[in-house]
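Input: structures, listed below.
In the two complexes that follow, chain A is the common piece, with chain B as its partner first and chain C second.
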Partner chain A sequence: MVEIVVENLFFKYPEAENYVLKNINLIIKEGESIAILGENGAGKTTLAKNLNGLLKPTQGSVKIDGVDTRNLSVAKIARKIGFVCHNPDHQFFAETVEEEIRFGLRNFGFPENEAERSIREVLKTFGLEDYRFRNPFQLSGGEKKRLAIASIMVWNPELLILDEPTIGMDYAQRLNIQRVLKKLVSEGRSIVVITHDVDFAASLCERAIILSKGEVIGDGCLRKLLSDSEVIEKASLKKPFLIELEEELGFSIMEEDFDEICDFLTRVFPKCHS
Partner chain B sequence: MSFLRAFKYKRKDSLMHRLDPRSKFLLSIILMSFSVVFLNAYILLAILIFQIVLLGLSKTLREWVYSLRGLIFFFAIIFITQMLFSGSLFTGFVLSLRLIVLSSSMSWFFLSSTPEDIGRAMSAARIPMELTFSFIMAIRFIPVIYDEFQSIYDAQRSRGLELEKGGFRTKIRNLMPILIPLLVGTIRRTYEIADAMEVRAFGASPKRTSYKPLKFRRGDYFLCLASAILALIIVYLKLFLGLE
Partner chain C sequence: MNVVDLRSVSFRYAGSERNVLSDINLKIEEGESVLITGPSGCGKSTIARVIMGLIPHSYPGDFSGEAYVLGMNILENPVSRIATNCGIVFQNPENQLFTFSVEDDVAFGPENLALPPYEICRRVDESLRLVGIEHLRHASPNSISGGEQQKAAIASIISMHPSLIIFDEPTSMLDPSSSASLIQSIFRLKESLREMGKEITLIIIEHRINLLINHISRMIVVSDGKIVLDGDPMTVLNESFERRIPINIPPLLRIYFRIKDRCGLEKPPRSLQELLSYLREDGWGRNG
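Coming up: the complex of A and B.
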């Protein structure tokens, strides 16, 4: 299984004067569910692109299973580490949902019968069976997002990085994505989510990496970090609803019960959305 | 696509940035004329040195050098075709030099002039507002399209696309997953911008005012004088000395 080791990572874009990432040190291990949080421009997406080799470190190193990303092609890394970009429209080009999903499998040279089986499975997992022959550009925002994730998950990468998976989604769509990702996490899949949505992160991830101005200001248990007012303020975040609720009630809520509590509150107070 | 950076305005506090776009445009056209009229390595080198001085004065040398990296592909094509068809490396060098001088002439102008200033200059030349606005939008779109291209390219690379692999036909076919989303995105944005303009009453009044009228300064007169001298040099070298 994949392991990423980031050591003394500094990164700046070729034409820029300032570093976007400064002295980042991390280890991402098998089966972890991690949220990368931070204010706008903190360097979250840049860090993610360094993790999957789209960007190479200016100083320091990013090693995937012991191999420096400078010595690996993006395609080779993509086979292990899937990256779902924040705007699905940036990747759609095929005429049908099926062809869109098949694209990655063709690039990696999957045999046709295996590809067919994988496509069927992933369409089912992401609830896209009925859209198989639809044009990707005609799907709704939530469906597009599911298709974007499906078109990566189809080759079964060991780690999935998602950039802003809930951006621009309504509550129902967000819940749908949340359920799909929760299922992947429960199956032991490693997931890294870049998001501003702390409630989404709290419902999905155990570990948080909090960035501010290109530096890691917190790395550890998500619940613990997002209870720290100083960290929250520094990274321009807010406390997740779950933690606020715990603080108000004065006792801990088990994560398994959280969805039930949210459903209850939504029923009682229809305008209340976590 | 990095050569597009050569046409993106770079905010700097420099002497060139403060000049009127009309005088800068005139000089750019004259410099460009050198590359169109002459194929003489010495003349092209002299103009290139002059352009480097101008880029230095506008503090945009770094951006220009970065943009040249994007032209390496074109230089390679010129070299190879010249070697194949004329068997001369020197001709390949001169033609590449011509391409650098040609692109640098406009690069210096766009790197040091804001799209707004260019628009004001066009309005001052009585060019219809619709045309002026379309031109400014096109300039503004260059960096946006470049960024979008990069995002799309990254998204497709993350799905295993390798543009470097395969023969010529495969490479062209591999461009489709990048060009289609880029085209769709651009068309969509065009409609969105048109709507955004309309809801803000674009075109409601045929006569538009400018809160920052353009004004010629001493430096602009100097630039116009330099343009006139360079134009005379072109005429002299071409007609009287018969240089090619």
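Coming up: the complex of A and C.
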């Protein structure tokens, strides 16, 4: 179980004049699924890096299970909080896909036989079995992205932070990632997703934290926040298709993928029965 | 003359057991705006690398077939010569900008062509204006937003006066409104250049089809290293849907393709409102 408490967090990069984050207050609890949304340059990635101790607050504090991140080592935090960065090239260093995935397990002292099983499992989850001995840098954009997630997820951190997980992914891969992450949440783990893909966020996350110019302009139920035109405009977002559809219809739809939504529509409208 | 002419091109990356491209035949004519899409890992970016001559010159592997770009055989011409007429904008502009000001980045290409100073200045002015970032001339590429960086990268390509520009997932780092505005500026740029008497060809590799559907003249779907569909965008989308090729068909069109026969829809709705008002014509499905 992991809980993060952010209090009066201000952050600026060394030698920069302006604060990137201003007066952020948040609590992230066990089992939450949170989307961090906002325009380019809003401070989303900087906030994420403060949550896992890669960056330390300029003022205020971030506490993980009650301990200030200033007093915790990055490695110690990483065991609990996994971070998948937006550009996989920044994350990779090994010569094969397998080594890339094994690295974390070895550092955290997983026994060999358990490591082998976890590696196989995660390769399968992300459809990377055939790439086991390939060079990570030779993979396609979408494949790199999947490997980046796999190599963090493999040690089962309690909270997983993903920076733009759906970039370069096709429809099937997006659905797959969505399913994998949903399963994690149902097992009681927490996820934080930084994304511009509002449709992905809406299908996965209960809560949204919306940033604009370094400040939180909304924090709460994602569906409610993304129905608010003012918030959407301020944070350069767009309304998720599903929410737009529900608003037009005047009732909510539980179906998740488009095939189900279509079947639902054909059931509702007699015009489709002919 | 075809701007791009690939004849039975196959390629396998060194260290890989399978061909990433197999028997690709592709002709693109001057002035076309072509979207290349397809499932993750299907070989889209590899096609771009072949067109730029980066394959086989910079990537080790087995290449076969023939590839011509603007009449140049890529095997017989160095990448530097191809790059003079054919520019590429990558997914991540950080990898492309490297000087201390936007202006210097834009001037870099023309300087390397050894153009006279007044011509370099003229091209820098023109490129910044066409892309709409004159105000960022003296800014450092590190201090501007992702969308602005992507525009700076485009300006630095435009200044070379290329006949062909390839965009490899240009919007993937951008928020929804910056993405839409970038795509608009790309097509506005094409229009402005046409008015100036220069016809450019665009090849755009994207997963986010919804951004491009109203701008492109042709759509190609690559799957498993082969071109599986090629033609008019709406027909290609419909066919992709029928064949369950996992590309990101815009939600509204996905619904349209699925219910059109059953519901007697004759043409794609332009908006969700239009679709629903059609479905409700007989008074059903209204709230309350």
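Please note the rule applied: the second predicted complex is superposed on the first by the 252 of 274 C-alpha atoms of A that agree within 3 Å, B and C clash if a C-alpha of one lies under 4 Å from a C-alpha of the other, contacts with A are read in each partner's own complex, and residues count from 1 in each chain.
Basically, a residue touches a chain if its C-beta (ideal position, glycine included) is under 8 Å from a C-beta of that chain, and two chains touch if they have at least 3 such contacts.
The structure displayed is predicted, hence computed values, not measured ones.
Undergrad: Just to be sure I read the superposition right, which of the two partners does A:Asn87 touch: chain B = first, chain C = second, or both, or neither?
TA: both
Undergrad: After lining up the shared chain so the two structures overlap, which partner does A:Leu54 touch, if you call chain B first and chain C second: first, second, both or neither?
TA: first
Undergrad: Is A:Thr46 contacted by the first partner chain B, the second partner chain C, both or neither?
TA: Touch status of A:Thr46: no partner.
Undergrad: Chain A residues in contact: does chain B have more, or chain C?
TA: C
Undergrad: Once the shared chain is lined up, is A:Ser33 touching chain B (first), chain C (second), both, or neither of them?
TA: So A:Ser33 meets neither chain B nor chain C here.
Undergrad: Go through the superposed model and pick first if A:Gly104 touches only chain B, second if only chain C, both, or neither.
TA: Touch status of A:Gly104: first partner only.
Undergrad: Once the two structures are fitted together, what part of chain A is touched by chain B and by chain C alike?
TA: Common interface on chain A, chain B vs chain C: 87.
Undergrad: Flag every residue of chain B that touches chain A in the complex, lowest number first.
TA: Per the stated touch rule, the residues are 5, 62-63, 66, 148, 151-152, 154-162, 176-178, 180-181, 184-185, 188.
Undergrad: What residues on chain A touch chain C, complex-wise?
TA: Residues in contact with chain C: 38-41, 86-87, 134-135, 138-143, 145-146, 164, 167-174, 196, 198-199, 236-238, 241, 244-245, 248-251, 258-259, 261-262, 265-266, 268-274.
Undergrad: Would you tell me which residues of chain C are touching chain A in their complex?
TA: By the definition above, chain C touches chain A via 13, 15-16, 38-45, 91-92, 145-147, 169, 172-179, 207, 246-249, 251-252, 254-255, 258-259, 262-264, 272-273, 276, 278-282, 284-288.
Undergrad: Which positions of chain A touch chain B when the two form their complex?
TA: 14-15, 49, 52, 54, 73-75, 78-79, 82-83, 85, 87, 89-93, 103-104, 107-108, 137, 151-152, 155
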